[in-house]
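Shared between the two complexes below is chain A, which has chain B as its partner in the first and chain C in the second.
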Partner chain A sequence: MTKNKARRIVAIVLVAAAIVMGIAGGIFLPQRNGETARATTEELRIRTLLDVTGDGLVETYVKIARDEAMKVTKEAGGNMAARREAANKAEEETRALYANTETDYSTIDTSALAPAVAEYAARLEVYYNLTSDAEQAYIDAHMAEAEAEAEAAREAKIAAGEEVGEEKPVTVDMSGFVATPEMEAALADADAAFEDVAAALCGIYPALDDDALKTLKPTITSVVLQQGESFTDLYDRYMAAGSGKAVTAPTKAWLIRYADDLLYGAMALIVAAVIILFYETLSKKLGIPRIVLGVFFILLCFLCLWFDLSLATLLSNSLVRMGMNAVMVLAMVPGIQCGISLNLGLPIGLVAGLIGGLCTIEWGIPGVWGFVVAILVGCAIAAIAGWLYAQLLNRLKGEEMSVTTYVGFSIVSLMCIAWLVLPFQSLKLRWPMGTGLRNTIGLDSNNFKHVLDDFLAFDIGSFTVPTGLLLFMLLMCFLMWLFTRSKTGVAMSAVGNNPRFAEATGINVDKMRVIGTVLSTVLGAIGILVYSQSYGFMQLYTAPRQMGFIAASAILIGGASTSRCKISHVLIGTFLFQGVLTLGMPVANVLVPGSTISETLRILISNGIILYALTKSGGESRA
Partner chain B sequence: MRNVNWGKLLRENAVTIMFILMTALCLIFSVEQQPLNFVLYELFGRLSRNAFIVLALIIPIVAGMGINFAITIGAMAAQIAVLWVIEWGISGLPGMLLAALMTVPLAAFFGFLIGKLLNKMKGQEMIGGLILGYFANGLYQLLFLFIFGNLIPLNAPGLVIKGSTGVANTIDLSTERGFKYALDDLWKVDFGTAMYILFGVLAVITIIMLITKKMKPVRGGVYLGVMAAAVGLYQIPVVASLFSMVKVPMVTFMVVGVLCLFNTGLLRTRLGQQFRAVGQNRTVANASGINVDKVRVIAIMISTVLAGWGQLIFVQNMGSFQTYGAHEQVGLYAGAAILVGGAGIRKATNGQAILGCILFHLLFIVAPAAGKSLFGDAAIGEYFRVFISYGVIAAALVIHAWSGVQKKKTAKEALSE
Partner chain C sequence: MSAEYVLEMRNITKNYGENTVLNDVTLKVRPGEIHALLGENGAGKSTLMNVLFGMPVIHATGGFGGEVVLDGDKTNITSPHDAMTKGIGMVHQEFMLLPGFTVTENIKLNREVTRKNIVSRVLGRNMETLNMNAMSSAARKALDSVGMSIDEYTRVEGMPVGYMQFVEIAREIDKTGIKLLVFDEPTAVLTESEAKQLVSVMKAIAESGIAIIFITHRLDEVMEAADSITILRDGKLVTCLDKKQTSIIELAELMIGRKGEAMVSVEPREVPHDETAMSVRDLYVNMSGEEVRGVSFDVFKGEILGIGGLAGQGKLGIPNGVMSLYPSDGEVTLFGEQLTLGNASNALRMGIAMVSEDRKGVGLLLDQSIEDNIAFTAMQVKGEYLHKFGPISLKDGAAIRAQAEKMIKELDIRCFGPLQHSGTLSGGNQQKVCIARALTLNPRFLFVSEPTRGIDIGAKKLVLETLVKLNREMGMTIVMVSSELQELRSICDRIMIVSEGKLVDILSPAASDADFGLAMSGIKPDEHRGGEAQ
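Presenting the complex of A and B:
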């Protein structure tokens, strides 16, 4: 059997499985809002109720057994320790007795319980609706008061010279809220209905006493109440209720609950089949790293759906992070095109941009103009620094990568000292006590926080489109594209592709390399400002050290090599890289709670792709 | 006398000379903050734990692969070995020796892989090694956060902290399960005794060589004279009091000495000649029938294993290490140290490594105090020494690349004439 044939068979099997899953999902998904779903939830509710009460019943038995044991020991003349020990022993025995007794709920007659529960649920709903209405009315009445108080407190703080954090949403103090007479009446109604439920439960479990019922009441209430939740939420809640011991649900209910996951699974299988069928064409067109990361990204999307994480929000976050990082990644383009390969000395530009940002805060220029001034100052510094840097690089052709890395590192650590001694005065920038600037400087609405993100931003469901950020990103890409089409741009990429040929045709190689390096550094300065305005913080000290690597790996993921790149590589690479990181974090947290696995993921992807590019850049030095 | 070309000497040792001046400056400003005998005490401690790993860099440099920043991976191998030795509860010297033994196959295997990869990026070994170190750090985190302590349970107390995933942040070797000071405490003498022992041995060797006429009499005389002068100097109470705090871990320094001999000896063997040949010119070496790729892999393997042992010496002296951070800066500090001593990207000797180690760590000790007395802030000194580490490497790379370009230029000009 040939390899192709085997591949085709696997693909067909996958597609067949996908069709089965898709049909099953398609049939059962619409039933969620139908009669079957409603009946199922009713049934599950009763079962959960019985289960919870059964557990409560065990507690009652335990209590009886303990009392009994205590009494017996006391009569036998045992001291306190002996009595306690006997009680514990009795508890263990009782628990062991009931631990493995599964009640078969379908045999229990619930004809009396079901209507009582339905009635109780209805009255509870009335009560909770009344409560939320009354609370909203209270909040509306007292909102103005609370706002005035918060504002006064804020002003007092500013007057005292204390730090004022970001404005928090004002909350109304609910301690003054009193239940209305209607609410009390509804609650009494509900309590009366609960008596019926209790009576019905006692009919099923005769050993249930009043004490047990009293302690069980909150649990029963929470099981009975359905505040307009969807089928899936109710299903999950009932499955999880009752001390973690799941109630067995009918197969059909399971199918309805997981119908969406079946559909996602079907889609995933079809994607997998397509990849298997067209693997060779794809790998030739895209290259192995992009396929691996692309597949990983799709897999993460499906995992998000599977774990019921909000894919729309996450994709929207990835889009924001793409916009945040894209300009820094774009800074790699002139570097690669002018022949200095990956500009790992990008931190030089980043630091220049940060200084620009610090200046606007120091001068107190708000909003968009602050951002513009920051960019202008940053670009000016970056242009000078980039020019000097280019002079250095022109003297060491062929060894740029390792030199740029360590020059970048040196600049970052030199700037660490500078951040300590630079004469900025604003308390927003300095530590109130001690010397030097803060590690992270929080931006707020008085500075340029979110000036791009919030410009013309709009929502589609839970998917927020950061229009301004994306427009700025596209604008920068377009300008870069225009530049590469210009005479200088064409000459520059000729230098990057083949320096000897370029020199032979009379292009001034050194000049082109200077232009490319300066452009790259300037774009780095703009990039860090775009990043900061979106992130909401400016990070000083060692933070910029690794950013050059992140930007370099993004463009490599996009399909660039160390001597050739296009604007599309920037966009594709940034989206894939940031998308994988953004989606990876919540998925990893579901798989391994509280872990830092997404940070590990970043390290592996970012450095792995650079290593791959280095091995591809040829066994021999390019010099 | 020979005509010494001072200009050339200055240019070739610019980094070292600059560093000596800077260290001297820092030393002057730090004296009021920390007394000299404390500085010397610290220096000997740092030398004993760092010299070995710096010496591990020599062979790849000779083999033309530049500074092997991937020695961090050797350090990781050693830390894996330490973790398991503690888990099994083998303490003291046996534990240390077992860890050293376990490091060999691990580090050799990693070294093999590193060598294979670096062979695919000839001419870019240093940046490749650096990035490879970062990449391996990711794998190391996977191993220590999600495999050890989760999939493979660890039972020793203190290795895993309840409520957090993976191996604890710090691994302590000072408990009864660890091997803190296993090597250092074998034989510890004060400075005077150590000096007498060392000079005694050296004097005997010199005299034997003089008698067998393997050494010129003038040279031997100078050696003996210098030793006698040093011993004489030590008799002055002021000088002796400077060394009052120093305790010399003899076995550790002996191990360092053995490594120096190993480096010298190895370079005299056939394999050593091949290292040199490959280092000087790969094409020529290949033409003369040397398997260049294989020789390079062997060089990296030796370096990685030695780096692992170096890290073991380091942790037994420190008594504990940061599970997720102890290896990160190993390559940076060792690389900076050897460059400070006057080594280049293509040549390095034992002497340069030791001298660099002394200078670099001397600066490390005095920089924060100097920063405090100059600027009133110790943090400036802290950042300054990090800057120096990176800056020294950057400067060395620039100088190396520059001289390469110059050579090519002169060659071109010679051709065109």
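Presenting the complex of A and C:
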């Protein structure tokens, strides 16, 4: 009871905080485009300008002091070291002198500066608009040429048998670009306006000399130029220049700047409150692992918003990755239902699918038909291999987990030899010298790259919906669902659920296990082809080794146990797993820049989930 | 030897939760006597012995009431090891022997004769060297005392079962200071001659002054070996008798007794015997722990035939064998048609349904819904509840739902709805789901194995009433296997008693307790009486 009470109190506090944050955000967010925001940015611009100029001034003083000190020491007959020491000492002293001086900006009269800056900004804008127009025209004129060049280079590479990487967007070489007369005129105009600004600044900082102004010009220009930039960007830039304290109403400016984050925070708090309030119901319905991952996913979404990453693009990416992986995850379903537990021998199917894909490239069948042929060939091979694999599993009942893992690893190693000796002739597939297939085979529009992804795909803002991919995923799930409702499917799931029960009904347990295993392997073959067409590459050699584990952990995240699963577990699990990985990487990169933390995170999550599931597999089968 | 009794267990009471398994039981054993402990399965024999040996299961469930007195001193036995040091030994039903070890090593296990060596002086006792000679001579002595000539260096692995039993006994005798030996069903696995030898060994041991508690259900052995006899029934002490003042018939009667009132009363009727529904000839079933060794019987159409007997005697093997759930051999005909044994679907197709005794293991798909459980067998065996689209057949959700709801209503299955997982139901409701599944097959013949095991009284009554209703109203032929004799007697037309995998006799439910008692211990009542008369 008290626990419930505490929970309710926490939830109320959170909701109250959320309401406050939400109201604050709601009030201040619209002000970004309003007068306050404009005034604030103007003010900030002037202040930043003064600030950087002041800093430039300090540098000037420092320089003077150093020269002075050097000169004095030289006259006193000091050697080089002594001179340097004296100069450093003078610099330190000068800096110390100015470090703690708080400039009270409000006492400075900016009446002359403000209009000058505004004028300079306007002229600069004209100049930059002209520049970007001219540049775009240049690019348009030279695009075809550049494309032809890139294609030629690519052909040459293929002909020479070198590895061809992913197609990069063609770029136009800008070295031939020359400024137009209009641009030059605008630049002259702007420079004239800068003279006014410089004069106004000299009025404020009499010590400012021409040399210092020359050095400061790029800085001043960058401060003044604010064309096309949002309030947030400007605020952040001015803040970085160190003049936050200078604004008349810093709290208000801050609130306007972070109004969106306040709104996100409010939403996050409400989500947290809901989870705390309904924790028990949720954990009963979803299970703790799904809550943990779900909360983590939501947290990542909020972090993306917080760090101003494009959430829509990232979610779109996760949707694509979900579609890419879902069929492979679906391959776990017949395995679990027929009682061979997690089919970690999935690489058998993957390899079969890859061979199917190689065949279409070898035979040069383009587009959708290439994909269809790849699937047919892959399925045929997968069915045969799966049948043999099932015979092995039926002879080693009760040891499925180790058998599947072992088979998965050995087939990958075996195929590492096979890839070297398979008689494929296409230069796209072979190494240029010697024998054997390439490590990574790039697909292009001549093969089946993106046949599903691009089918009926459409954009909503920066959110791309890979319609074909999702439809295919749903179609496979639907077919699997139909199968589980068929007489054979029902018998198969009874075998997985309780083999003795199935036997007591006269069901051939071994046969059902064979059906399940073959089905799982065939789905694996289809899965890797779907994955490859979306990824744009077919990866041979050791690449398929991990995929079985990834698929297994995805379905376990979705709520399946090693003896029980549903189609919904596939969809939930794949989305959560891929979503967390897709969102986690950029967020981790922001949190810990320049690290490989995201890769570490991926390994941690996928292996951690498998480990967790295995601890559960021995216990009760009811999740 | 001052005290009159080597062991006195006074007023022992033991509860498992709300369930009283021992109620005020007293057991007194004199030195050097063979004291037989008699009782049906579940009478409380094992629990009493668990109390005596201080098994963890007793302490973990709240201890027991009453006191244990050894040699006149009140003692508190805390663990099996404690019992051993206090001179109480046990010869187990399942042999506690290490197969890869020699007879000597098994006998002296954990009581090895050792010699000190350099390492042990540093690292302690565990590093001492075994004194093989001393150990084997001690083992030899123990083996001789049980009349076993087997070499003490033979490995236990591959020995005849009877020998293992004697090795166990030798091990107990070898323990110094042993005062009391418990034999738990020692003759169950022995051949007749071995059993005779065992009895004589027991007598020899008893003469040397060691008291023996002899747990068995074979009344003839009791009469041959025991000096005094304690009988338990339903956790209560029935009586303690001197062998000389009793007879095998009295023992049988006392062991069975009347257990309360019949839960379901059925109007007496003429046993139907017009048409044979099933005839079984020479049925052998290889079901471990429940082997059937050549049983022949006929079931008449429209009757309820009961199969009774003590646990492990093969009564469960009969339905499991006919349904081919375990490897079986023999000749079975159903309404004149030959049934090929070996595949469960044959029996199901011919219209025999079975409600298994192993509800969770064989009877249910615990992870699936009630409706899927109910329709499963009919769907797989008879192809019902399916939509057919050419070669593809999908399950007919609506028909399944309708059938499930009908069954839930008729059998009063308490659940949240047909989609609830059967694993979350109570035992009684799970049993009803099993029955519903069998009925959904529309069988001509129904096997019901232990239908009331592990379910509460209300559910028991309902299950039994359902069976009677099926029989009377639909004319279904039912064979019911149960360890609860009272249950069989309340609804069956005839009761078949099985002992040691063989049919002993078929009795009327009105037959006397003594007859049932005799039959259960493997003695055909008529023959016994005939023997007495001669």
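Quick notes on this structure:
What we mean here is this: the second predicted complex is superposed on the first by the 542 of 623 C-alpha atoms of A that agree within 3 Å, B and C clash if a C-alpha of one lies under 4 Å from a C-alpha of the other, contacts with A are read in each partner's own complex, and residues count from 1 in each chain.
Please note the rule applied: a residue touches a chain if its C-beta (ideal position, glycine included) is under 8 Å from a C-beta of that chain, and two chains touch if they have at least 3 such contacts.
Here the structure is a predicted model, which is why all the values come from computation and not from measurement.
By the touch criterion defined above, A:Ser563 reaches chain C but does not reach chain B.
In the superposition on chain A, A:Glu195 contacts neither chain B nor chain C. One of chain B and chain C touches more residues of chain A, and that partner is B.
By the touch criterion defined above, A:Thr600 lies against chain B but remains apart from chain C after alignment on the C-alpha atoms of chain A.
Residue contacts after overlaying the shared chain place A:Asp459 against neither chain B nor chain C. In the overlay built on the shared chain, the residue A:Ser486 is in contact with chain C alone; chain B does not reach it. Within the superposed three-chain model, A:Phe501 lies in touch with chain C and out of touch with chain B [touch as defined at top]. Residues common to the contacts of chain A with chain B and with chain C across the two structures: 621-622. Partner chain C is touched in their complex by these residues of chain A: 482, 485-487, 490-491, 493-494, 497-498, 500-501, 503-507, 563-564, 621-622. Interface of chain C with chain A (complex): residues 323, 325, 343-346, 348-349, 354, 356, 358, 361-368, 372, 376-377, 379-381, 383, 386, 392-395, 397, 421, 423-424.
Interface residues of chain B, counted against chain A in their complex, comprise 66, 117, 119-124, 126-128, 130-132, 134-135, 137-139, 141-142, 145-146, 164-165, 375-377, 379-380, 383-384, 386-387, 389-391, 393-394, 397-398, 400-402, 404-405, 408.
By the touch criterion given at the top, residues 344, 392, 395-399, 401-403, 405-407, 409-410, 412-414, 416-417, 420-421, 435-436, 549, 592, 594-597, 599-601, 603-604, 607-608, 610-611, 614-615, 617, 619-623 of chain A touch chain B in their complex.
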